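Look for subunit A in each of the two complexes below; its partner is subunit B in the first and subunit C in the second.
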Partner chain A sequence: MLYPDTVEAEVLVHKPWFVATMFGVGLYGRFAIGFAIAVIFTLNVVLIGFAPLKLQIGIVWLELLLLFIAFFETFHLSLPFIREKLPFLISQGVVTTLYVSAISIVIASVIAVAGAVAKLSSNGFAYAIASFYTSFFRGLPLLMQVYLIYLGLPQLGFVINAVPAGILALSLCYGAYMTEIFRSGIQSIDRGQWEASRSMGFGFALTMRRIILPQALPVIIPPTGNQFISMLKDSSLVSVIGVWELMFLARTLGQKTFQHMEMLISAAMIYWVLSICLELIQSRIERHYARSKVR
Partner chain B sequence: MSVQAIIEAKAVSKWYGQFHALKDINLTVHKGERIVICGPSGSGKSTLIRCFNRLEAHQEGDIVINGIALHGKMNNVAAVRSNVGMVFQHFNLFPHMTVLMNCMAGPMWVKGVSAAEARKTALQFLERVRIPEQANKFPVQLSGGQQQRVAIARSLCMKPDVMLFDEPTSALDPEMVSEVLETMTGLARDGMTMVCVTHEMGFARAVADRVIFMDAGQIVEEGTPDEFFARPRHARTKLFLSQILKH
Partner chain C sequence: MTFWNRRQLTMAAVALALGAYPAHAGAVLDRVTSAGTLKVATDANWAPQSFMNANNELDGFDVDVAKEIGKHLGVKVEFVTPGWDIITAGNWAGRWDMHVGSMTPTKKRAEIFDFPAVYYYTPAAVAVHKDSKAKTLADLDGKVVGATSTSTFEAYAKKELTLDAAGAPPFEYKLNPKEVHSYENSTTAFDDLRLGDGVRLDAVVSSLPSILDAVKAGYPIKQVGEPVFYEPLAIAIEHGDPELSAKIADAVKAMKADGTLSKLSEKWYGQDYSKTN
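On to the complex of A and B.
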């Protein structure tokens, strides 16, 4: 041990200059970190500002994605567990989700065209049925429709399996929303198009198929794309009647070992990827229909 | 007259709700005749020609097109319509199709003509309205005058017996009016039966066999252009002509 001085005033940590330096360095340290973060952040934004638009979008996407990954990192997810369960989650869950959604989308679109035509017709019965239908199925929570169809139809003697019940509920619900989208799209087409078609002797079906719908599609597609994405995710509601789709498996697979977050986050990512695919398809179709608008 | 009548309207009346839009209209259009209908706005002239292919329904009287009576329960309205060409004020081309396809659609889908045949006819009529080089463009890429000429070609492709023109130059910029009128004059020279609603009095003078003046849903006066412009009989006609020829 070194020789300790007996004079208290010599104790280093009590010397004003030492205390001041400590405080200063500490303050400077917080400041330096803050400064560094501020510089990095600002530089990041400024530099991205120089990049061409496409690159800008890409970089910002990537950075936000990294932030999200950092967020998920705080859950300390067990990757081996995810890796073990993922194949089943996809082969059973995703496949079921996809085919339930795909079939529902097709049926909903058919219902929507018929519903839109009925809502625009001057036939009282057709209008009444279509408006009652859209009002009813837009007015009830989808979850309730799923239950009503699965548990209610057997009352009428139709015992129906979970998957068809789910498809029926999704189709009817989204058919109702899309009826309104299609109706407004068809109505957005100028009367002159009908008159020109009629004046050349086109019948109703021909005019609709070749003249009106092709022009209404660019108007219809963006909101319909929304509906498709929304339906993909709402297909998770059919898990309540025991369909082994993505959401159902996400909830059940992690239960035994209390690894809920692993499966829920995996499922969330899968839903997201599927939605991105739909978004890409939508934007591609939109570009296709923008052709006749170029000058 | 022994010439075949293409349009026969007898005592035609039409109401929009309470509003009496056409009052006791009698008009016969013979084959090869060129008729110009003029009159103040709201006088029923567009309504009248839109009744000739039943874009509008009349409530009283008879309209007979090429021997076929138009009424609410007819099941051959497409046959009549494909025989009566119509050109609209706002062109009403199909914007999602090329110019060529606009012209091919009618013959192919209504008359069942083959694509090759329809294409040949379309190019021939586009040639005739002098825009064959625009065949593969979309309507929005064309000027107003060109669009209206395409609309005329589109109607001609159906090989109609009569052409109806509903203010074909009213939506055009002034410098494009003449190219459309020239096309119409050319048609008239080739003997097409035409009924034109128009305010182009120069065209009426040069082309029309008969000028019809309508006001408040009635035919007020009709006559040859010479009579009509030089010696109008009715006060309403005189007033209209003085208004329209003042400039």
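On to the complex of A and C.
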């Protein structure tokens, strides 16, 4: 302790001017913080405005990402638990999710091409069947389709396992959506293209393959990419019939120790990363088909 | 063509003719013994009865009981984890042979299933947030209560519970909620309860073991009042195979007699739930 003053005096923190100052600072503190945040935010936006476009996009992405990380930070997640479970989440969950969606995507695409041709044909049966199919499978919730196929088919004597049932439901549902996408893509090509092609002696299949589809694909690809991404996530619905895919594991792994938030957020991040991969592939393909538009 | 093949062919033909998989006497048991594996359906999200352990394998009381039964039948046990409503929908079509997942035998369920043996009893209790002023169950009159959907806990809260299994202890309705919210499992109900007293829920009806587990994991909740009912929990199989039913009943009787069930119950619950008291 310094030299202890024996002079009787009022304690500093009780002096009226000190109390008043404290009160003033406290009152303005809120405004000051608000002011500082506003200045930083504005500066941030203005400065980003000076950056070239690519850098701008990168910085805004990064900042939004940091905001989300700060949001997840508030859950106080146990990182060691995530690290311990991550290998199984990937080796069992991601693998199952990926192969279920990959097979479904292929089947759905085949159904979509056939469905689109049928919907555009002048054959009454083909049109009726295709339009009934799209109407039915677009009109029912996917979860219900999963139940119907898994529980309903055995009534008819076909006992199928959980994974094939899930793949069937996903393929049929997304095949219906994609039928409409393919149909609209094909219809977007001017009839003059058909007429010119047929007058050159091309048959239907050749016209489709060589003239119509190459022009329709740039129209078809962006919405199809959307469908792939949403199918990847909708594949989580097959967890209700006991397929150990990513969502199923996310819900079960942390349950015993009440660390399900950890698993759910990890799964969310994994789904996001997978979607980003699909987005990148989609933009690659789009660039490929936009070659003719580059100057 | 051996006799066995012909028999299978006949079965398939009958299946096609009837448009359903027939479960004639002994069919399931025949399949189990010839395959050497007993396919058991259980939940993967119902700790401590059945859950994924640290090694990412199914573990828990129900899982151990199923493995013991497999040992008595002399076959390997394989687990499948369909959703609860898929299991209770019946019509298993040979996808799995037996369900060990703490199913309460009720008359309605007995229309679809055989219950060869009751293997333990769970006390069901009511949990409230730790800030709750409720001291007795009567204090929860007119409050909002949560429970797993289509569970006996929900049925109790809605006063629709019928425990008509042999040896089910009697109970009375002590809970008069204004509203009953349904949840996918008890954890999501506890998650809503932990938000605060009366924020979304005033109380949750669940099994006492799961409430105690949540408390142990740091959930700000507590049990209120005495257990509201003792739920007998049984092994379920589909109708039509009395031989399998008898085998399972014998296995459970033997496990009760030699203390295996009590030991497993002590291991998972710290108490002997294999009898009521």
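The criterion applied here is as follows: the second predicted complex is superposed on the first by the 274 of 295 C-alpha atoms of A that agree within 3 Å, B and C clash if a C-alpha of one lies under 4 Å from a C-alpha of the other, contacts with A are read in each partner's own complex, and residues count from 1 in each chain.
One rule holds in what follows: contacts are C-beta pairs under 8 Å (C-beta built on N, C-alpha and C of every residue); 3 or more make two chains touch, one makes a residue touch a chain.
What you see is a predicted model, and the numbers here were worked out from it, not measured in a lab.
In the superposed pair of complexes, A:155 makes contact with subunit C only, with no contact to subunit B. Residue contacts after overlaying the shared chain place A:200 against subunit B, while subunit C stays out of touching range.
By the touch criterion stated above, A:241 is placed in contact with subunit C alone, subunit B being left untouched. Look at A:133: by the touch rule set out above, it reaches neither subunit B nor subunit C. Judged by the number of subunit A residues each one touches, C leads among subunit B and subunit C. Using the contact criterion defined above for the overlaid structures, shared-chain residue A:258 touches subunit C, although it does not reach subunit B. Legend: residue contacts after superposition of the two complexes on their common chain; A:215 is shown touching subunit B, with no touch to subunit C.
By the touch criterion defined above, A:192 reaches subunit B but does not reach subunit C. Of all residues in subunit B, those touching subunit A in their complex are 53, 55, 77-82, 84-86, 88, 90, 92-97, 105-106, 109-110, 138, 140-141, 154-155, 158. Of all the residues in subunit A, the ones that touch subunit C in their complex are 84-85, 88, 92, 147, 150-151, 154-157, 159, 161-162, 239-242, 244, 248-249, 251-253, 255-258, 260. The residues of subunit A lying in touch with subunit B in their complex are 190, 192-193, 195-196, 198-203, 206, 210-211, 214-215, 291-295.
Within the complex formed with subunit A, the residues of subunit C that make contact are 15-16, 19-21, 41, 44-45, 47-48, 51-54, 56, 80-83, 85-86, 89, 91, 93-95, 187, 213-214, 217-219.
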